[in-house]
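Chain nomenclature is as follows: A, B and C, assigned in order of appearance, with residue numbering initiated at 1 for each chain independently.
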């Protein structure tokens, strides 16, 4: 893990170009400073997080210990009181379905940009698609709140237009959470997918069409397989972000938004609200470690699945 | 007519595909701009609860924003935190990118993974971890805590943009400087830095945006020194207040400015990866 | 430095002693020795991957060497880092600083140390006039043409008064027309300034037209070092004979040595060549080299010392000359260059039988020999010219 600073010395008589000494001060600085910062403010906190999960709180004071109490307590409440297991299930369900929907929404967008718009317009269209990313996420969620509220802009607009029967009741459900998340993810996914699709050689599609493939076959046999990596990357990215996000679930899902699994909060929201009410940092750390673990398992399962499909396909 | 050259294989004769595709694209863009348009329009609307039809135009929410100090205070905090975090991230990002560009060393792969890792870990986890350590050393609840932690997460995006730019610099450029007698340091500030400047500026803007929008880490470590997203969150949870639309419009105005900066700096770098500097 | 001036001229500007370089298992250079006299224009020529650019970069200090010694005007510079050497390199892609204008680019090397602004300006103006860049000094690099960029690159190096100028294929990025104009310009510049040029190229005509002496390199070794005329007329090794364009090579066995001539049994005929001072013995394997322009065609039935029957397989009209491609009965390909096409009465046609002749004096004999240090290269058997 730790980069060796002295290994850059060249074998010959002539030292590393541009420096009088064998190891350039630029090398020491360029590797050393980022490494030092990362060790102090990234590796150390994460290592400490693992440790903190075994510490305890006594008389509102965090006390160093090596105790499994936090984990045991969490285990006991997996299916009781807090129902952590349900929250984890809710998180998995919402994040995976969001990832799927986000890709499903963004991929056709990208196909339309790449294949229906002239090349000279691509840059403008991408700029527009990325625009929401540069405005505040929290404020966008607030905006969605007033759009989706039961008597909000969408429903009142529908009523005003005489379309009462089309009114929707989305706010404080996990569907609203998904809308917020997809809106947050879309600009990034569009960029990732654009890079993938735009790099597909058009001559290949032309060749497929020339060989008699229908438009659908050209998509199915050429474009889709060649987008595979981009689709996988964007879907995993979307799943990770959704799984760790707290804002959409809190502001649009209302903390314990309804889904097919019932009105259960997301695991991330649970961690946040538990800390807000108890400020019990060791216990929060233990919960955070569980979130990391579940996420790693989710990714590993996804990778295994993708791998098996690849073997099946090829 | 069969011999007409079709520039676009999918845009060929299928009119329905084209109509459907364009329609879909329009709906997509409507979805993307809807919340922002809502924010701007309703920041000038009278009613406390936004609905259609509107209840007339007003500037009262902007007035309220400037008399009630909380959000302004948070905006001020954010305008201290984000530029400093972005600058820190750019310094570390440049150093690391330059080291990776220029030197071969053991653990090179691990080094770059280590620096990119923070953006792959959910900020919720980082928030808890940062608070855990910072509270042990008495650094929690200050703007400094937010700055220190934000540097960790904005280094990777800044570094990525700077790396792209460095990748466009031919190796002979540095060699030419050495050959003409420049020392390492002279080469750095007379050749490498000027060449990389657009990348550094683009990286800074990206880092600034990441920091300015970051919520959960700041929520954990900032204590009473709230940054804008944290204050806005508290506001939303507390009440429905169209002042937030006014804040949103101001923030969007700021981001339009940075968007112009991005258009001028970031996009040329991202889209012309293989452009050589000299030919 | 004083020791040098005691020695009678020619003075040596740059001396390479046993320079070797390997990248892991790959040997890029093996023991290269070379001396360049003051004011000399030396071209290093060879196929890509022969180590010529590596050698140049080692001299510049941009590459380390595995072993060897570099002397610049008698001083050992082997341990000096690149920025402390008084050599200057000109790059193939020019390596101009895109953020600086022409004047700033040229002045770059002068402004690195404490300097007098007026003096720098005067020097830049002077060199710019010399390379005809006077009116372009305020232009940005992006606004220059290829030839102008090339001049900036040379001016930027020369303004620092280097002891030797190193050039790495500096003309290869230019179009053919411009390349020829720049060749004569560069040669003039070099003669006027009296600075040694060490010039790397893979282009034979570039090397021959500019250089006082040419180094032919192959597989990290110097095959031959001498004036262009000598390289052309008297190749010393098989490789040089093949590399220097229009040579015909016939392999065979010596059958007879008499009267200052050796006779060699080749695939199609017995060919005679001038024996030289140390002729190879009977039965030894040799290669004979004949330049394509020394071969003529004669009416059938005439008697000549060396003659060969061949069938015309192709004809290439290049403007000033015509290249005839022929093939002998044994399948050996022969090239013949004629300064003008045959007269109309003697029309040539593909598959036409022709009789070729040339003088034994135009036949160079190469004897297979083992060149020191080649043993470890697979198939490293090399040919050495007689009397070398």
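Keep this in mind: contacts are C-beta pairs under 8 Å (C-beta built on N, C-alpha and C of every residue); 3 or more make two chains touch, one makes a residue touch a chain.
Just so it is clear, the model here is predicted, and its values are computed rather than measured.
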**Asked** Which chain lies at the heart of the structure, taking centres as C-alpha averages?
**Response** B
**Request:** Could you tell me which two chains share the largest number of C-beta contact pairs?
**Result:** A-B
**Request:** Select the chain at the greatest separation from chain C, using centres from the mean of Cα atoms.
**Result:** A
**Length of the line joining the C-alpha centres of chain B and chain C, rounded to whole Å** = 55
**Geometric centre distance via CA averages, chain C-chain A, whole Å** = 60
**Asked** Taking each chain's centre as the mean position of its Cα atoms, how many Å separate chain A from chain B?
**Response** 16
**Request:** For chain B, jot down the residues that touch at least 2 other chains.
**Result:** 175, 178, 182-183
**Message:** Two or more other chains touching the same residue: where does that happen in chain A?
**Reply:** 17-19
**Complete:** Within chain C, the set of residues that touch 2 or more other chains is 61-62, 81-84
**Message:** Show me the residue ranges of chain C that touch chain B in the complex, using the header's touch definition.
**Reply:** 60-62, 81-84, 87-89, 91, 93-99, 108-109, 112-113, 141, 149, 156-157, 160, 173
**chain C-touching residues of chain B, taken from the complex the two chains share** = 170, 172-173, 175-183, 186, 190-191, 194-195, 276-279
**chain B to chain A touching residues, read off their complex** = 8-12, 14, 17-18, 21-22, 24-25, 28-29, 31-36, 38-39, 42, 49-53, 91-93, 95-96, 98-99, 102-108, 110-111, 114-115, 117-118, 120-126, 128-136, 148-149, 151-152, 155, 174-175, 178, 182-185, 187-188, 209, 212-213, 215-216, 219-220, 228-229, 232-233, 236-237, 240, 244-245, 247-248, 251-252, 255-256, 258-259, 262-263, 267, 271
**Complete:** Per the touch rule, the chain A residues reaching chain B in their complex are 1-5, 7-8, 17-19, 24-27, 29-31, 33-35, 37-38, 41-46, 48-49, 52, 62, 105, 108-109, 111-113, 115-117, 123, 127-129, 131-147, 149, 151-153, 156-157, 160, 183, 186-187, 202, 205-206, 208-209, 215, 218-219, 240-241, 243-247, 250-251, 268, 271-272, 275, 281, 284-285, 288, 291-292, 295
